[in-house]
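What follows is a group of structures, each given as structure tokens.
Same chain, two partners: chain A is paired with chain B first, then with chain C.
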Partner chain A sequence: MHQTKNARQTTQTKPSTYLNEAVAIWLRDLRSEFRTRYALNAILMFAVTTLIAVSFSIGSFRIEEAERPFLYAVLLWIILTFSALSGLARSFVKEEEAGTMDILKLSARPQAVFLGKLLFNLTLLGAMELIIVPSFILLMAYQINFPGFFIAMVVSGGLGLAAGTTIIAAMIARASARGALFSALSIPLLLPLMITAIKGCERAAVGIGTAGWPEVKMAVAYVIVMVIMSLFLFPLVWEE
Partner chain B sequence: MFTLNVSGIGKHYGDALLFKDISFRLNLGDVFAIVGWNGSGKSTLLRIIAGLVRPSAGRIEMFCNGEPIPKESRRQFVGMVAPALSLYDELTGLENMEFFCRVRGVDCNRNNCLEIIDGVGLAEHATKTCGDYSSGMKQRLKLAQALLHKPPLLLLDEPGCNLDSKGIKVVEGIISKQRQLGVTVIASNEKREADYADKAINLSE
Partner chain C sequence: MIVRSLLTIWMAVIIIAAFLYAEAAHGFPGETSRILFFHVPQAWIATLAFLISMIASVLYLAKRNVKADYIAQSAAELGFLFCVLATVTGSIFAKATWGSFWNWDPRQTSIVILLMIYGAYFALRSAVPDLERKRVFAGVYSILAFAAVPFLVFVVPRITSSLHPENTMNPASPGMDPKTLKVFLGSLFAYTGLFVWMLRLKIRILNIEGLRVRDLFR
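Now for the complex of A and B:
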């Protein structure tokens, strides 16, 4: 018991900030994911399977050249969105399934939990985009005339996907039919972002109408609105 | 000086009443037991005190040196052990402690964490993943987690659950030391655990 006494002399001297808490949650989630690979496997399996299916069934020669910019943008964002939907809900669902939700509620502030989970989903989505987007471009011989705009669109669209799916994942974590509910709630919320991202990627491929980067600005605005709203709403979702 | 004030707490799920009008006040050094049959609401009352469940009626107040503690800050004052609270199975015992230190803002290095783990008798198993722990070892780690920020309010739901005689001694030592640090509330069916308390409430009555 002497050791217990010593151990309890540990004192709280560091003020805990939202960022410190969020980073701790993010690093813990990354470590857990690195060991279990639940979400990463789900996302990559879906993404690679659909990518291969699309590239074999459609390829680069079955579409008229004039239609390619639009159709390729649609296919790319369908793959990215549905791959994200297949794995990003895990960030909260795994806490509920493992029974760790309550201990996290007792340890961290709600906004820090949201930010930590958002960082984790951004990391997963970033890794997915790094694999899927170059593969899609290669397999489909995707011609992009304005690569800077295209990259900005993929990055801002990815941020929007992560922000949208993180708050919905929190909302559905305690529901019984989580999978169906996650898709049902995500699609209407993500639809404006998808339409914007598709339009942006089409413009990047054609190389016309990109002045002022309107779609990128719209996607960034979507991210800002979604994150701010989520920070306000998340405590209501998180607490019973 | 820490004070817990529970006044008029009630909880019902739909039309089913679990308990009503529970009131008590605890001060530094108090050990309080909540006893009752299975399903009488012991764990729910503990979860209400912890802020994990909203009561249907009444309010929970906490005071530090006479000053009320705002609801959003209370988690810093509460340490909880319960069968339903799980730790991260894919992390080691040491990694779990390091995570809870970081997230709670406790200034705690690896040696401090090891010392805390040693305090509950898990030093040899600190680098094993929790998924490989026995249920008794997990319970000991939960105790360590609840204590690392030295909370003035310690909520113990069946603290001796799955513990061997050495583990029970650890629990006894923790409750005894908590008398100097704050308040302990124990929810249990075990007479031995209820006997640690000076005061008790029976939710079955």
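Now for the complex of A and C:
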């Protein structure tokens, strides 16, 4: 416990592995996030206000019963994706703003930095989904016939959102017009995932054709491809 | 110079042949099938340029040779141009045969995503002031986009039941008229020649601009 808390001590006592470097960065980011709650507040407020706007203008009865599974899945994933895009860049932008980029480069290997930031983004997304998805279901009276599949889809979709955007965040931290650029660069990469997740949530709501969990498998494959590509490409971005 | 003149003549011959020599394919309203001679080569160039840009990006990241980045940037810019042309011509064909300019046919979906990727690529290039960093980031993004695109093949709904004509106008299938095939292959060749010529021009321009910038900071 003590070792993971203090990255420097870990490197002194025994050779550090990728994993404990990544965990050290993750815990450090969590600690600094708990002090300011900047990213979490930004993401949550964005998500909550969008959810309220959607719920207020559509309500739980406007859309006809037969259309609900699909249209609600679309609305849910638009809220989740854009909320994620509003705050996930923060993980790298804050290093640039605080001027801690160079120190971080010295204290951990690039792949470990990527994994640590990925874990941190996943934590943020998990917290957001934990609040937004149940609220969405309650506010919109979303009928889900296969909750297991739905949960798996939301979790794997969230993994995909983080996996696809973490390396983009590292790039836009060093560019101008960050906020707009982050969405512009991420959306083309996230579209396949969004289409998959919408299809999956629709299937879970209807409860038909869920055998084999095709959409969840697709999202997991997306996560694996994006993480592996990022692990290869991140050192180039990081050392630049 | 000679090659360029030949290309000009060849292109003119193809345009005339497309309207006068080849016959309009059966099963399409009026003369609409003639779009094949222009639309398909444009789409082919757009895809080819995307591929070239990605390969040049990999080369740049591996060797850090500025020339490779010039190729990647030029190919991306030309690819975007041909992508827009293919989208517009395809959309006109869609209006003439399916009744609406845009209906999110799988082909239209995939070309829009290609356009979005190109757009994002240019946005990234223009937002990073440092030259070396801009090149690396653009290369990395190009490769990432290339990794994400294949998923679309699986997820775009009903990709197999596209309205896009495949059988009657596909040169590989025996259904194509020999005259049509001749003009089509000629057009493919002409467009590829045009692309190569434009690509070389663009690379030369970037080379000269690069020289000027380097001289300024010497």
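The rule is short, and it goes like this: the second predicted complex is superposed on the first by the 228 of 240 C-alpha atoms of A that agree within 3 Å, B and C clash if a C-alpha of one lies under 4 Å from a C-alpha of the other, contacts with A are read in each partner's own complex, and residues count from 1 in each chain.
By definition in this document, a residue touches a chain if its C-beta (ideal position, glycine included) is under 8 Å from a C-beta of that chain, and two chains touch if they have at least 3 such contacts.
Everything numeric in this text was worked out from a predicted model, so none of it was measured.
Undergrad: Considering only the touch criterion stated at the top, classify A:Ala98 as touching first (chain B), second (chain C), both, or neither.
TA: A:Ala98 contacts chain B only, not chain C.
Undergrad: According to the stated criteria, A:Leu75 is in contact with first (chain B), second (chain C), both, or neither; which is it?
TA: A:Leu75 sits against neither chain B nor chain C.
Undergrad: Could you say whether A:Ile167 touches chain B, chain C, both of them, or neither, answering first, second, both or neither?
TA: second
Undergrad: Does the superposition put A:Glu21 against chain B (first), chain C (second), both, or neither?
TA: First partner only.
Undergrad: Give one of first, second, both or neither to describe whether A:Leu106 is in contact with chain B, with chain C, with both, or with none.
TA: The answer is first: A:Leu106 touches chain B but not chain C.
Undergrad: Can you list the residues of chain A that meet both chain B and chain C?
TA: 240
Undergrad: Any idea which chain A residues touch chain B in the complex?
TA: So the residues of chain A touching chain B come out as 1, 3-8, 10-17, 20-21, 23-25, 28, 31-32, 35-36, 98-100, 102-103, 105-109, 112, 239-240.
Undergrad: Going by the contact rule at the top, pick out the chain A residues touching chain C in the complex.
TA: 164, 167-168, 171-172, 174-177, 181, 184-185, 187-189, 191-193, 195-196, 199, 218, 221-222, 225-226, 229-230, 233, 236-237, 240
Undergrad: Note which residues of chain B are touching chain A in the complex, please.
TA: Contacts found on chain B: 47, 50-54, 72, 75-76, 78, 80, 82, 84-91, 95, 99-100, 102-108, 112, 115-116, 118-120, 129, 144-145, 147-150, 169-170, 173-174, 177, 181.
Undergrad: Along chain C, where are the residues that touch chain A in the complex?
TA: Listed in rising order, the residues are 61, 113, 116-117, 119-120, 123-124, 127-130, 132-133, 136-137, 139-141, 143-145, 147-149, 151-152, 154-157.
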